[in-house]
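Handing you a structure now.
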Amino acid sequence: MGNQRRVYHRSAVTDADNMNRSVLRQIGMPMSDRRGVERNKIEQGQSGGRRTEELMATTNTPAISRYPLRKLEDLPEDIRARMLEVQEKAGFIPNVFLTLAHRPDEFRAFFAYHDALMLRDSGLSKAEREMIVVATSGANDCLYCIVAHGAILRIYAKNPLLADQVAANYRKADISARQKAMLDFALKVALRSVELVDADYERLRDHGFTDEDIWDIGAIAAFFALSNRMANLIGMRPNDEFHLLGRLPRKA
Amino acid sequence: MGNQRRVYHRSAVTDADNMNRSVLRQIGMPMSDRRGVERNKIEQGQSGGRRTEELMATTNTPAISRYPLRKLEDLPEDIRARMLEVQEKAGFIPNVFLTLAHRPDEFRAFFAYHDALMLRDSGLSKAEREMIVVATSGANDCLYCIVAHGAILRIYAKNPLLADQVAANYRKADISARQKAMLDFALKVALRSVELVDADYERLRDHGFTDEDIWDIGAIAAFFALSNRMANLIGMRPNDEFHLLGRLPRKA
Amino acid sequence: MGNQRRVYHRSAVTDADNMNRSVLRQIGMPMSDRRGVERNKIEQGQSGGRRTEELMATTNTPAISRYPLRKLEDLPEDIRARMLEVQEKAGFIPNVFLTLAHRPDEFRAFFAYHDALMLRDSGLSKAEREMIVVATSGANDCLYCIVAHGAILRIYAKNPLLADQVAANYRKADISARQKAMLDFALKVALRSVELVDADYERLRDHGFTDEDIWDIGAIAAFFALSNRMANLIGMRPNDEFHLLGRLPRKA
Amino acid sequence: MGNQRRVYHRSAVTDADNMNRSVLRQIGMPMSDRRGVERNKIEQGQSGGRRTEELMATTNTPAISRYPLRKLEDLPEDIRARMLEVQEKAGFIPNVFLTLAHRPDEFRAFFAYHDALMLRDSGLSKAEREMIVVATSGANDCLYCIVAHGAILRIYAKNPLLADQVAANYRKADISARQKAMLDFALKVALRSVELVDADYERLRDHGFTDEDIWDIGAIAAFFALSNRMANLIGMRPNDEFHLLGRLPRKA
Amino acid sequence: MGNQRRVYHRSAVTDADNMNRSVLRQIGMPMSDRRGVERNKIEQGQSGGRRTEELMATTNTPAISRYPLRKLEDLPEDIRARMLEVQEKAGFIPNVFLTLAHRPDEFRAFFAYHDALMLRDSGLSKAEREMIVVATSGANDCLYCIVAHGAILRIYAKNPLLADQVAANYRKADISARQKAMLDFALKVALRSVELVDADYERLRDHGFTDEDIWDIGAIAAFFALSNRMANLIGMRPNDEFHLLGRLPRKA
Amino acid sequence: MGNQRRVYHRSAVTDADNMNRSVLRQIGMPMSDRRGVERNKIEQGQSGGRRTEELMATTNTPAISRYPLRKLEDLPEDIRARMLEVQEKAGFIPNVFLTLAHRPDEFRAFFAYHDALMLRDSGLSKAEREMIVVATSGANDCLYCIVAHGAILRIYAKNPLLADQVAANYRKADISARQKAMLDFALKVALRSVELVDADYERLRDHGFTDEDIWDIGAIAAFFALSNRMANLIGMRPNDEFHLLGRLPRKA
């Protein structure tokens, strides 16, 4: 893929590469010369000799946060471990980890809450939970969450179109009537929760949702009300990788 | 105080007492015959013989949540401990603890996040942080947070009027211009965070807020965006005690 | 009560006392040395020797209006009489009287309108009428009306919790389904009266409201649309007393 | 004019005539056979023999209120007198009088308030006061007030275009910058009075408005917040005459 | 009519006359000495000697656009022809033609689109189509379209009251339930088209609208979403004539 | 690319292929067996023998419009020619052509307007014009325009990230301050054009925009106000191809 990118979108790709390197430099991570999906990897135990070219000025690099990034070696061990774990899976470290690490206690609570909702055994599939994230983040105009969770939704749903549909207008997305009812409720929680009345819960039960499912739907909408605002507050920038993830078939 | 209440607001007080007892019965807590501020106390090690009258039907008791309350003995030890700790300080258990315990993992993340923001060393005083909670909860029409955090604000600010002012219209509250700028920013995070621009941060810096203070302001607004929606989702009811707390002088 | 207040909330209470004295001085009212509920009383026929301490500067007193207060002796006789009458009942003069007296003709029309709606024989109880005031004033974010009419609602309903509930979210208040339908209609009049259609009236009739009741509901919402805007226009400040009224049992 | 109307808009005019006659019949007023501006006149002391054609069914007549109209002879003397007075000046009785007379006490307070604001000696011209009415009624989508006060504005301003401009978009009306600032403030009172801050008052003072002028601007906006909601509540219909008034030159 | 106008609204009429002459002068059109409806007519083949009085300064003339008007002789032949055609029918050239001619290609596309929707054979009457224009332009606060299409609606509907009703609140206009449903749909397209769901289309079908009718309703609302924004963008001013058109009977 | 897609997103790709074939069948276009970018091509003069598998039921294919698609042979020659032309350039026919062809006259006006704005010589680059489309379509939640014009923006700007940024929150996009001011203005035209005042135009001039540039900015926002509503009205579905276009480098 790397070779191809050089031809057509050269400037954009170069910028993206520079940005990723710049971010990694800021957090003190050693840098391999591999590009693309692998390029953000923390090399565990690597000695970290940087290549000359990486020392070039990167003054035009878009910041991924209004707040400074902590150096990797300044991070508490559990947070560094979490980063290595996600990098192992995703091939790079999503900026939500790098930026929220500015405040370790809040970082821990944030991801504990996230995991409690998004990883639990639930009547909602993982794709359905990501639909809630993408639909409410779209309503809240949160760039980071639309792009990052849009990628995750594409992957879980194995559908390259769904995230764009749900972010813009879930009413026309390729989803079931039951899922549209789920998103109607989630949007109400996100935008005017004061108006929730019994009829809203009844409608979900009519679609076969249990009360625990309803908690999940509402709580995910509530958690991303927090998440969207944090991202907008600190100007969290999505990793370039997310824009493309799940849009192409995995290499055979 | 108990004697006086019996005269004037008898029905309301009786209802409130019944409700509190009913709630405590639901969570399996032993019950003393003391009323008022002390009446919700968990009696550690008490054998818990209930008075006959407490066995009466309480079918009309307003629920404190749309979801069932877990029995005290079914709660994980750390959550029970947290409840005892807050009861020790407040004299009763705020319903946010009783209701969110329905989901222990989310309970833990919620309070960890809360404490990380509200208890940390900050350039904002505790009263200022509660102003943010009350102002944004007012904008989100969250009954639980307006009433419960209104009480906390009255206590921290040693001002019986401030919470009502801030919940309705902080622009006319008895606070400084600096605090009004703080709340302007918090409300923007709460209601239209997508529109945050550099000028918003500059204005706060002009008032002497540091970047860490700004994170605190925005993050508290963001956390209560979550909290308000959870309260509205599950129909969380404020404890009766909160309505009066901080409105009267402490007994000498 | 006075003694207790001195202990805990000393500064707040002192400020409040100062403010009340200051206001009374501005309108030229004689001052007794009694505090608390009685302290705003006009002493009819009293010679009015002021205590030395009352002559101290009170430059920090929060104003109760953006407009000057008229001296008692400059007020027309009927307006002064009305003030004495309300003081007789309430123990103090609500600031809406003191501030609107700036314009005697408007004062007279305002209270004539108020009385025509709030004192008439109606299918709505007085508590129900105050619910409409508090709910619509909450929607209009009018500090004066939320606090002052919240107190009146507590007293009429003999319920110390109801006003806080109705101001924040009447959908979850301890009121009947019929009363919630009443407030749905009142809020529609307050916020988007252009959208009123036959179905809105039918729904109220289904709950047993007569057409005259419906006029009452809508007209009270309409009158407080005026009242809320006047209060916000002139920066009308609620008397400190209102914040606590109706929250405690009457003394036996 | 009457002859001409018969040619072009026959059906509309006939309907309008029928409606006016129907309304007058409902309130028990005697009917002359004159048409046009004179046709609603109460003939004082007239014996009132109706022409046969007036006895025809008028079932399709649009109602001027959701509420019944009181018979002229059932009205209190002062209200009847007020109606005769306005008829003397305008040539017909505006429907706001006929419809609000359903509740005499509210009628009296309404017009006392109206007169206190609209007839007082003020730094604002009468045309300027009507601009405030038309602009805020446009924002509130109140058909009665746009049409009736639009007519009054055309007459006071001696300008047949101004009312349509101000109702749709005062920012582009043929008025001064000072008058636009006045309407900016009035609209803020009408739509989001909670957000009023010192700078809003300062801006008006910079345009030469006194504090009393500011009260006038805000109080007129506040009074028509009431008036617009009452009109929408009862479905008040503007008299047909208002639509044309002030659009044509007065006959020489 | 001319004579009458001179008496009452002299200044307004004079201004209007001046304005029309000024506009015509700007576009280089020859000027007859006729007034009123005929006064804007392009005299085809006329040699165009202007009367002295027309050379007077008209510096206070309100502009009909923020953009310069093209001289008649600079306009492409097809656009000049279109102007002559509309003048033939209406007696004057609506400002939408004069102002949009600034960009001939957009002019052509605009009127081609307009005609495709407004002149086609449709299940909607021409009056119904104009109702859609007036109702959505009212919602968008577009002065030009409310006034100009209000006039057209009065003429097509042969009803001098309807346009004012529909612009302010179609829910209370003298139209059928079917037409109100049509306008409900049109307003949804105008204001929140993202929320359109199957039930909206079903409701129109229940009122007897075909799918082609529904396209017409929605497409007219969509086209005037464009038109309203163009008018607001360039500050398009309605011709004075439109304010009165259709309010009076045609002369016999 | 085809081979790769079969591995990872098999079901999605298969669905997409089916949909494209189904659409082409509905409009009577011959079908080649090529897939991917080439698969929607009209084969001019081709005999069109379909493969057996293409005759399978496609009942689950998402419709690209609520309205029927016209057969290719039923389309007027100029419209068919336009489709062939765009197919030549893009490799497929965007659904906006296929769906709007339902009404040939409106089709012609629509694309004439589009071309007049988007293809003209302008002070705005083509990428800047597409930014306006994507930003206002994002604000209007128009799925078709976000996805289709997002692709065009990526291609013109040679930037794979920009469209997602601009659709979600242009304030944080990688664009210049001048371009942000351009989008501020465009959004105001899109969402509240009535509030445009001189200061808005001045601000653009301060950034170096000419009055003609301002017309372009506003007119593009206005045209896509129409376009977005048409797409939402008929449920226009973006071609699958658009989701990926411009995200990958062109093959060398």
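We just call them A, B, C, D, E and F in the order they show up, numbering each chain from 1.
Convention: contacts are C-beta pairs under 8 Å (C-beta built on N, C-alpha and C of every residue); 3 or more make two chains touch, one makes a residue touch a chain.
Just so it is clear, the structure is predicted and the values come from calculations on it, not from any experiment.
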Chains touching both chain C and chain F, listed by label: A, B, D, E
Chain D and chain B - chains in contact with each: C, F
Look at the interfaces C-E and B-C and say which one is made up of more C-beta pairs in contact. B-C
Cα centroid separation, chain A vs chain D, in Å, comes to 58
Mean-CA-position distance for chain F and chain D (Å): 50
Rounded to the nearest whole Å, what is the centre-to-centre distance of chain C and chain D, using the mean of the C-alpha atoms as each centre? 31
Set of chain E residues in contact with two or more other chains: 141-142, 169, 194, 196, 232
Could you list each pair of chains that touch one another? A-B, A-C, A-E, A-F, B-C, B-D, B-F, C-D, C-E, D-E, D-F, E-F
For the complex, which residues does chain E have touching chain C? 169, 171
What part of chain F is in contact with chain E in the complex they form? 66-67, 102-103, 105-106, 108-110, 112-113, 115-117, 120, 140-142, 189-190, 193-194, 196, 201, 211, 215, 218-219, 221-223, 225-230, 232-234
Per the touch rule above, chain D residues touching chain B in the complex are 194-197
Once bound in the complex, which stretches of chain C touch chain B? 1, 3-13, 16, 62, 138, 141-143, 146-147, 158-161, 164-165, 167-169, 172, 174, 232, 235, 237-238, 240, 243-244, 247-252
